[in-house]
Amino acid sequence: MQLAGPNGAGKTSLLRIIAGFSVPDEGDVLWQGKSIIKNYDEFARELLFIGHKTGVNSQLTALENVQFWLQIQGYNDTQDLYALLAKIGLVGLEDVPVRMLSAGQQRRVALLRLWLNSAKLWVLDEPFTALDKAGVAFLQQRFITHLEQGGAILLTTHQDLTTHFNDLQTVTLEYRH
Amino acid sequence: MIRQHSYWQLFSAVCKKDLQLAFRQRAEIVNPLLFFLIVITLFPLAIGPEPGLLARIAPGIIWVAALLSTMLGLDKLFRDDYHDGSLEQLIASSYPLPLTVLAKVVAHWIITGLPLVLMTPLFALLLNLDTNALIATVLTLLLGTPLLSFIGAIGAGLTVGLQKGGILMSLLVLPLYIPVLIFATSAIETSTMSLDYSGQLAILGAMLVVAILSAPIAISSALKVSVS
Amino acid sequence: MWKWLHPYAKADRAYQLCNTLLPYFAVITVVCMIVGWVWGLAYAPADYQQKDSYRIIFIHVPSAILSMGAYSSMAIAAIVALVWQLRNAELAVIAIAPVGACVTAIALITGAAWGKPMWGAWWVWDARLTSELILLFLYLGVLSLYHAFEDKKAAGRAASILAIVGVINLPIIHFSVEWWNTLHQGASITKFNTNAIDPSMFWPLMLNIVAFAAFVGTVTLMRLKNEILQREKHRPWVRQLLNRG
């Protein structure tokens, strides 16, 4: 599902409410019929959130960042991370602090998590920012696999996604004062 | 992807990351210590170097300097995590946030409190404290500095989202430090009179236990407010 | 508890409640304050030791008691706000805080003024005055934290958390200051020996305490009404109210 709308329409605010960081003024967010405010831990297990601020520490290397993230999410870090780094085009850069990388590479470090989780719901704020064409195509490929496995994706983007995703739903927020 | 829930894994991962970052920028560890040392040097210069007088006011100097130097490090406790979005990832993790917070506070104490405890003999030397008072100072710092970290982290959590949170944080936190200051300095003072000061230590210990149990909850809710 | 609170979760109901309560508080304030002050300041007998300077207790003691009382009510509002996610309770926290800070300041100023004839100095590090000073710091902390946030929703919750942390620490601070005081000054002169108070002074004092409590209540209710209107200014019921008035 795509969330569209002009700048300042409240896309990010809505995503943050859905991810449970902000409390709505009125109403509630339900996940499988249960309020996420009351059952946040349960919801958090099924959620993968990558926001504007990606949660990548700039002092640590790409590898350390990914390992830390796996640990705080409670995943086994026995995967072959090097193979994954190679797949996403970061091989040879694993020992460099993230702040030395380009914006697109930093974004890739954050997006690595998409290959390393078992969450059903992905909430992504502008995931395509700073990525090159190949990166965008690669990410869309990953989206398709996730959807095929029965997952759901909620994202904001200004990209046109209709050509790749046939069951795409778009919700457009209007700017209102 | 297999998920295994191990609280220890979370605790050590969070702790390790903060320590790793601190050791990469050693200034973070060294600067508060230098600050502490300089503050202590200022006192003899301001009031005169008479050994008796110094020994008399030493507990106060050491503890006020300790309060101020822990304040320095507190500002950084959650700031980077807030700005790069790690805090959101920690909140959205399926682990309880108070545990994460506990790990961060422990790491903060290892970075700022523990070095102070280890450096105490040097300060005692500068301020003309005898062995009895030195032991008391080490003990009070050992029990008191973690308390400062826990109480201070509440203020740090409340102000992390603000533009100029630093000074505001000290306004919020310093009044809460007063009981620690009173009991710790009184323990050292009692020790210089060769009297038993286990009562004060017991109170500090009790406060520490209460802080370990309750502060992480307060810090977590403060962080959730700051992130929202 | 929730059942009882639930109707007041709606802002307009809370506003109506404020309106209903306000006249009672205002009347009690005016009556008790006039009677209490005239009785205490003019008719109560002079103290045989302190002469007329003791009369400041009719302001100092009520304000000192209310400074603690206001802090506890603020903390109770804060707990209600956080546990039941009640926005109106957050507004109550913010409504009480400046009132409490003012009452604390009054207690400090009158305490200092009383100290001058008693000890010959404006400020003595007396346990009660020191506690009162720290209490003022705690109030100011809550206030400045609230005003530092741009997002008033987050501000209310942050201030509530700080108020609760403060109220847990308050007894510890109070105890530590008392203890510090006895340690450093030995048996100092206690200003006010509660056993020895004469009934002729006790009743006007009680009346003044009630008057102060009602006064704090009145001002808080007025501030709470304003806070509710401020927050809900875009809602239809506020528009209606404004059009009517």
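Residue numbering begins at 1 within each chain, and the chains themselves are lettered A, B and C in the order written.
Please note the rule applied: contacts are C-beta pairs under 8 Å (C-beta built on N, C-alpha and C of every residue); 3 or more make two chains touch, one makes a residue touch a chain.
Everything numeric here is computed off the predicted structure, so don't read it as measured data.
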| item | value |
| --- | --- |
| Centre-most chain [mean C-alpha coordinates] | B |
| Highest C-beta pair count, chain pair | A-B |
| Mean-CA-position distance for chain C and chain A (Å) | 49 |
| Where chain B and chain C are represented by their mean Cα positions, the distance between them in whole Å | 32 |
| Centroid distance [mean C-alpha coordinates] between chain B and chain A, Å | 36 |
| Residue list for chain A, restricted to those that touch at least two other chains | 23 |
| For chain B, residues that touch 2 or more chains besides their own | 228 |
| In chain C, residues with contacts to at least two other chains | 153 |
| Chain A residues within the chain B interface of the complex | 16, 19-23, 41, 44-45, 47, 49, 51-60, 64, 68-69, 71-76, 116-118 |
| Touch list for chain B against partner chain A, complex | 1-6, 9-10, 13-14, 17, 20-21, 24-25, 80-81, 83-96, 100, 224, 227-228 |
| Chain B contact footprint on chain C (complex, rising order) | 82, 134, 137-138, 140-141, 144-145, 148-149, 151, 153-154, 157-158, 161-162, 164-166, 168-169, 172-173, 175-177, 179-180, 183 |
| Chain B - residues contacting chain C, complex | 154, 158-159, 161-162, 164-165, 168, 171-172, 174-176, 178-179, 182-183, 186, 207, 214, 218, 221-222, 225-226, 228 |
